[in-house]
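As written, the chains take the letters A, B, C, D and E, and residue 1 is the first residue of each chain.
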């Protein structure tokens, strides 16, 4: 029922252990698409991960890979090139089609060249490219329940890619057929715990429980899951306080108290992000000089800045990777705050002016947007005698401006895709300048990264990435700022809710008291 | 169309004609089709001819909408005639290009009907009067002020009023400012478009007397437009009566008032309420309204309301012909080709 | 007596003071009579008529005096009673026929509305009556014209419609505020003729307001001349025109160009202009412009006194104590006034005008200095 | 030659003549001008008077804070994270923002940008709009058709969307915001000026100017535009208020000024993230905008009344 | 009349062409490159180049325009770069929301605006006049998003009496139908849903209508004052009509003429103004969507939105003119065209 008052009434007053039949979750924007091959955004992922399932998924609270539609972890050949995967039996898609090896083959092959099209943003990331000699070469259905994937080159993160909500989940072949060639499915159909009902653009997406879900232990407990699109942060919070939503995502750190004060639960766990400031290391620039980079880093009290902006809802970044992901950081030392030293160095180097660009839009790794950060850095640097001139852009423009504007420092960040260290650590080694905004070009580091990707998980691999972390701290192409926490608010009546660090929320175990 | 203007009346023939208007016609588009082409016309002025002598005051009389203002505007180049000629001081103004014509502009000046709308409310009257002199460069810059003072005195305004704005003046005073502005360029002809009809009774006389005085003093020539015959009588030497874009009668004042020939003129005269009980005239009350000037019917324009209407009036346009000496009239009653009428005999006497 | 107005005063408070638009005005209208009020623009004619109709625009109000209509005290009438009387017992028509009809309603409906406001009749019946009325005021094929909108009619027609509407409920008094001023002479003659006929047919009294002395002489029985909110002279129409007493009336009559005049003579000019209502000269309002002005005129306001069959407000005819002078003296003064006027005709226009302006400025001098 | 005979009249006039002369020597004061009407309108309307005083005060604040920044209780740009996000108190009347800057000082400094934005944006749209409107109205014909069609096109695009598109294209910053806001308002001015001019053109005094031989230029600039001025002034006053609002809207959408400039819309847009924690971040700049816009609106109405010949009894 | 309408419709064409040219110029020449946004984080320069080629963005600008125009005339507005959905269906999905909100707002604004304006005019210079004018002016002076957020804070967050977001509680949403929920719910006889739709409409409608209401109030007041001074009002009073009937029947009807024009224009600007309101109230309309698309450089959608709004605006004006002619018998279109 609709009116806030009513909702509030039955929310607060009524009690008992009867389960309510719907849970409303707020998204911040429309999903881009509800076909895993065609989106790259968190909003789509949150919805889709309840409709579709992949061969693998992540563990409940971390990025450990678990079998999902596969019965066990794949058999990987020693050269790392062949993956043999056993499939679960008796699973049906929502449209009644059987889930089998052919379905897997169809789902994956539409993302491989030459079927792949330029509208599939994650296809090349997950399944590689022929030109780069990476990723999947072939998919074979060995028998109804066995699939064999052959790789072009070994890639330790491939398995984690298969667990992602983007690109990897398995889609009903019938639905793929029904959609016109080269475009996204409009009536989503997967094997997941919830079935698609309706998507009213810009308003809401409605799902309903899949009565025939294969995993009887984790059968959906709530009849409907509704994703309501609310872009404005204050409106989101009000909608929770007013009983219009049960769970709201992207809570602004500064509003967190409002949620707990109102008797609501605050979900606050580390996400899979890094929020950083990059120095433009291009030859000839002020920040090409490592000393200057270090001095600037010394001028900024990261701890104070993080707490002022995010309060307790972000942790100061000591490593590129988030703490829960990486065991590598323990001994990495980042540059310490030392304004006097900074002043002296900068004066000696004759640095008085820096051009800074930043983004005005909130990002997953920075709920406040980059302007606040830029403002504070401007404040710190003005105290050591450096004028910072800030130019801000909205995110879209910003993404092209980082490639064209002549900046000295810029703000950026990263949200992990798959929980693999390479996904984070390769950023400063990337040849793509929009990924590597520091334009850092360090052969030694690049070699380490290449080695890391081919090394199977284990101590050897960990050591490589630890070395990477140390190099980053020493060479200072970035000033690490924070790892954001995923902040959500939810009604205390919602039980069993967990927001996964990869930025999705699984509703199969979630229920709500009436 | 009758050809009624090219023979000037004998009275004028030997004299110095300042303005000779020949077959002047002005049509306005009344309705337009899809592409903006006119499909019907307002016949505002239709084949009008008359002459004005130097130093003469010619009155043009007619009811509202009969085209008097339109004639005046064509004379001062505010409107372009559809056809016809305006020969001023021997030169055909209508044949001139705009640039050429501009040099004659100042010789014909206009006094407007509405004293409230004809003065720019945001200018001081000193500037208003000085403007034509500066625009036409007829007085050296340093003499302008003295000349403005002179003009103000001429029209009976004290020169300290120079720095005031029009709204600080009464209607009569404003009209005097308008007169001063017209005088500023030493025009040869002044077109007075109903200069007193918007004024109070007690003020009318001031302006009429002033115009009279000025005419005397500077030998001006007037085209005096009015809608009542009583006002015109006081100022003009000769009078033309218009009806629906056409001239009905032209005659020297004395002749016109003593013996109006056209039934329309007769009605117009009788409609003027008389103040004196002694001179109660027989009243002719015309029926109906002035018809629309949009595509008027053929024949005499007045036929529809005429109380002496003949059979021919509805289809044939009467010529403007000399009925008595210097007294011309466009009416079938005086058509020698038609059977003689009572009026004709009376006029012949 | 149908309408009696006694010492009516009407005031408009404005930013810089109070405009007394009507100042101590008295007159009477009896059944079937046509009384004309003449005066220049701003002399308070319209305000007088609106005061009678109770239609004064906001801050304006009757500040004193009495008005009785058909035995009823108008000054203290409630708005409801007034409304019942308006359009019913007394009706009014206005100067501007072009704007006095509501442009968005058919004229038939507007007349029907007037009828149905006061009488409980069916729409159909009212419409029939409307058509009759239109016929009565001389509108050809009234059955068709009732469906016309005002913009489809000429000015003369609209004025007839206005008259038809006013006659809808057979009023006892018709107030006509400059009904012909905006019309052409030939149309004006038609309307005046119509009014005259109607008066004969219905025995309705008419209060005719105009600034045109010609119209007055054509149609009125009696005339009230107003100047600056005051009655300066009142008399039977022929008496007034043949024998005007007040210098203002005299001046007006001499200053209008008449067909009968000898036009070689200059027109007489009343010099100067109507004073600003907030800056009236201290004595007689006309004193600045008067050619027979005396010292006393500048000091004191003369009273309206009965002189023979005239009422006149002028010290030429009034003793200091407020009584009329004796007949001989009146005669002499009348003569004097006439001579003054004849003499003034010969003054050059510009000269006279400057003199008039300067006199007025001097009067207002204080204001000017500011 | 004209008037010679009159000379003597004055000389022999005696008393009256002296009055004349003494008055003639009066200093030539500007008796009545449009600015006086404006002033009259303001003074005679209490709300407009208060508004005018308020706006003057704002202007004063803007100038003083520009010239003597030290007069402010705090440096509006100085970061002081120790005092980050504090509620209104005796020390910080309007509280502090996330960077610990004093909101009161920032609101005061914000008057600079706000007024400049309002005036500059209006200056752009006024200049272009008046020019286009004048050409369309006075020249008529093809000029009119072409110009007014273009204006129609601009009007048919929602102005805020157009402004955003222009901003997105030009990049951010106060100058760009001003340009965007100024550009999108042009059609309104052009329309008003055109219709005014069409009406004024019909006046006899314009005909009179033509009869005496004035050039088109003189007619437009001496006779037509000055008489269109009242509605232009009114429109411009109201235009300042909509420019301020538009600027605030752009700020709200994150397209506002460059940091650390204090602009109310930008402060408001930024403050809304802290609405629940620190409502003062949104309330005070919002109030400042509302009051300023209200003041310009009331002032515009007052001026309109003052300039309206109908309400100006004389 | 018919001729006039036809003529006006023909005149619309160059305006719409011009609109497309303006917006085409702004998007293609001035705006930033959409490729990085569309293709996401992992896209390489080659992938972006390939994508641009796919979408014809490396064609000469005039060719892009011609292509756009040709397909637009065939009813194809292109496909969103970002969601790969046809623009027409993206707009169709969102437009009813905006239209319903704008219509409600204009109705509320008109009713309140006219009522306040009449009150102010009839009680000129009295308390009621001043109060309604100040009220109206405050409406015009508050930034829409600010007043919207304050309203939410009061009615939703504090008093909990009105919902703060969306058009309807999703499970009650009528499916199929016109997309105008008031209409759809009534058609279905689902009054629970109707109630829900109505309470959701309250805050956005109020917020959105404030601005227009102020404009309409002002216009009504001045127009009413003008007509109240008209001669025919005096005539009506001289007939003995009651004040009320004079005010309503004679004055208001005439005063409505200029007001109707303003209302028509307001509806156009409401469509634009809805943008901020939609953001604040999570209203699923085209306003917020359009802003996002401008910021994402999703050209086809931006073009589509602008074209749609322009068409509505232009036809709204046409409609207003026709209504005007219907209200005012003096206007006989076709007869008088200034030339």
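Operating definition for what follows: contacts are C-beta pairs under 8 Å (C-beta built on N, C-alpha and C of every residue); 3 or more make two chains touch, one makes a residue touch a chain.
Because the structure is predicted, anything quoted here is derived from the model rather than measured.
Asks: Sort the other chains by how far their Cα centres are from that of chain C and give me the top one.
Replies: The most remote chain is A.
Asks: Between A-D and D-E, flag the pair that has more C-beta pairs in contact.
Replies: By the number of C-beta pairs in contact, the winner is D-E.
Asks: If you average the CA atoms of chain B and of chain E, how many Å lie between those two points?
Replies: 55
Asks: Roughly how far is chain D from chain E, centre to centre by C-alpha average, rounded to an integer in Å?
Replies: Between these chains, centre-to-centre, one finds 26 Å.
Asks: Roughly how far is chain C from chain E, centre to centre by C-alpha average, rounded to an integer in Å?
Replies: Those two chain centres are 54 Å apart.
Asks: Using mean CA coordinates as chain centres, what's the gap between chain A and chain E in Å?
Replies: 38
Asks: Send over the residues of chain C in touch with two or more other chains.
Replies: In chain C, 348, 350-351, 354, 358, 361 touch at least two other chains.
Asks: So which stretches of chain E touch two or more other chains?
Replies: Expected reply: 32, 149, 153, 229, 279, 295, 297.
Asks: What are the residues of chain B that contact at least two other chains?
Replies: If we look for residues of chain B contacting two or more partner chains, we find 153-154, 158.
Asks: Can you list the chain E residues touching chain C in their complex?
Replies: 124, 229-232, 234-243, 250, 253-254, 327-330
Asks: Please output the residues of chain C touching chain E within their complex, sorted ascending.
Replies: So the residues of chain C in touch with chain E come to 53, 55, 57-58, 79, 83-88, 91-92, 94, 96, 99-104, 113-114, 117-118, 149, 151, 162, 165-166.
Asks: Which stretch or stretches of chain B touch chain D in the complex?
Replies: It is residues 73, 76-78, 102, 105-106, 108-110, 112-114, 117-123, 131-132, 135-136, 150-151, 153-154, 158-160, 163-165, 167-168, 178, 181, 183-186, 217-218 of chain B that touch chain D.
Asks: Any idea which chain E residues touch chain D in the complex?
Replies: Listed in rising order, the residues are 14-16, 18-19, 22-23, 26-27, 29-32, 130, 133-134, 137-138, 140-146, 149-150, 153, 218, 229, 268-269, 271-273, 275-276, 279, 290-291, 294-295, 297, 302, 305-306, 309-310, 313-314, 338.
Asks: Applying the document's contact rule, which stretches of chain C touch chain B when the two form their complex?
Replies: Residues 40-41, 140, 154, 156-157, 184-190, 192-193, 211-215, 217-218, 238, 241-242, 251-253, 255-261, 263, 266-271, 273-274, 289, 348-354, 357-358, 361.
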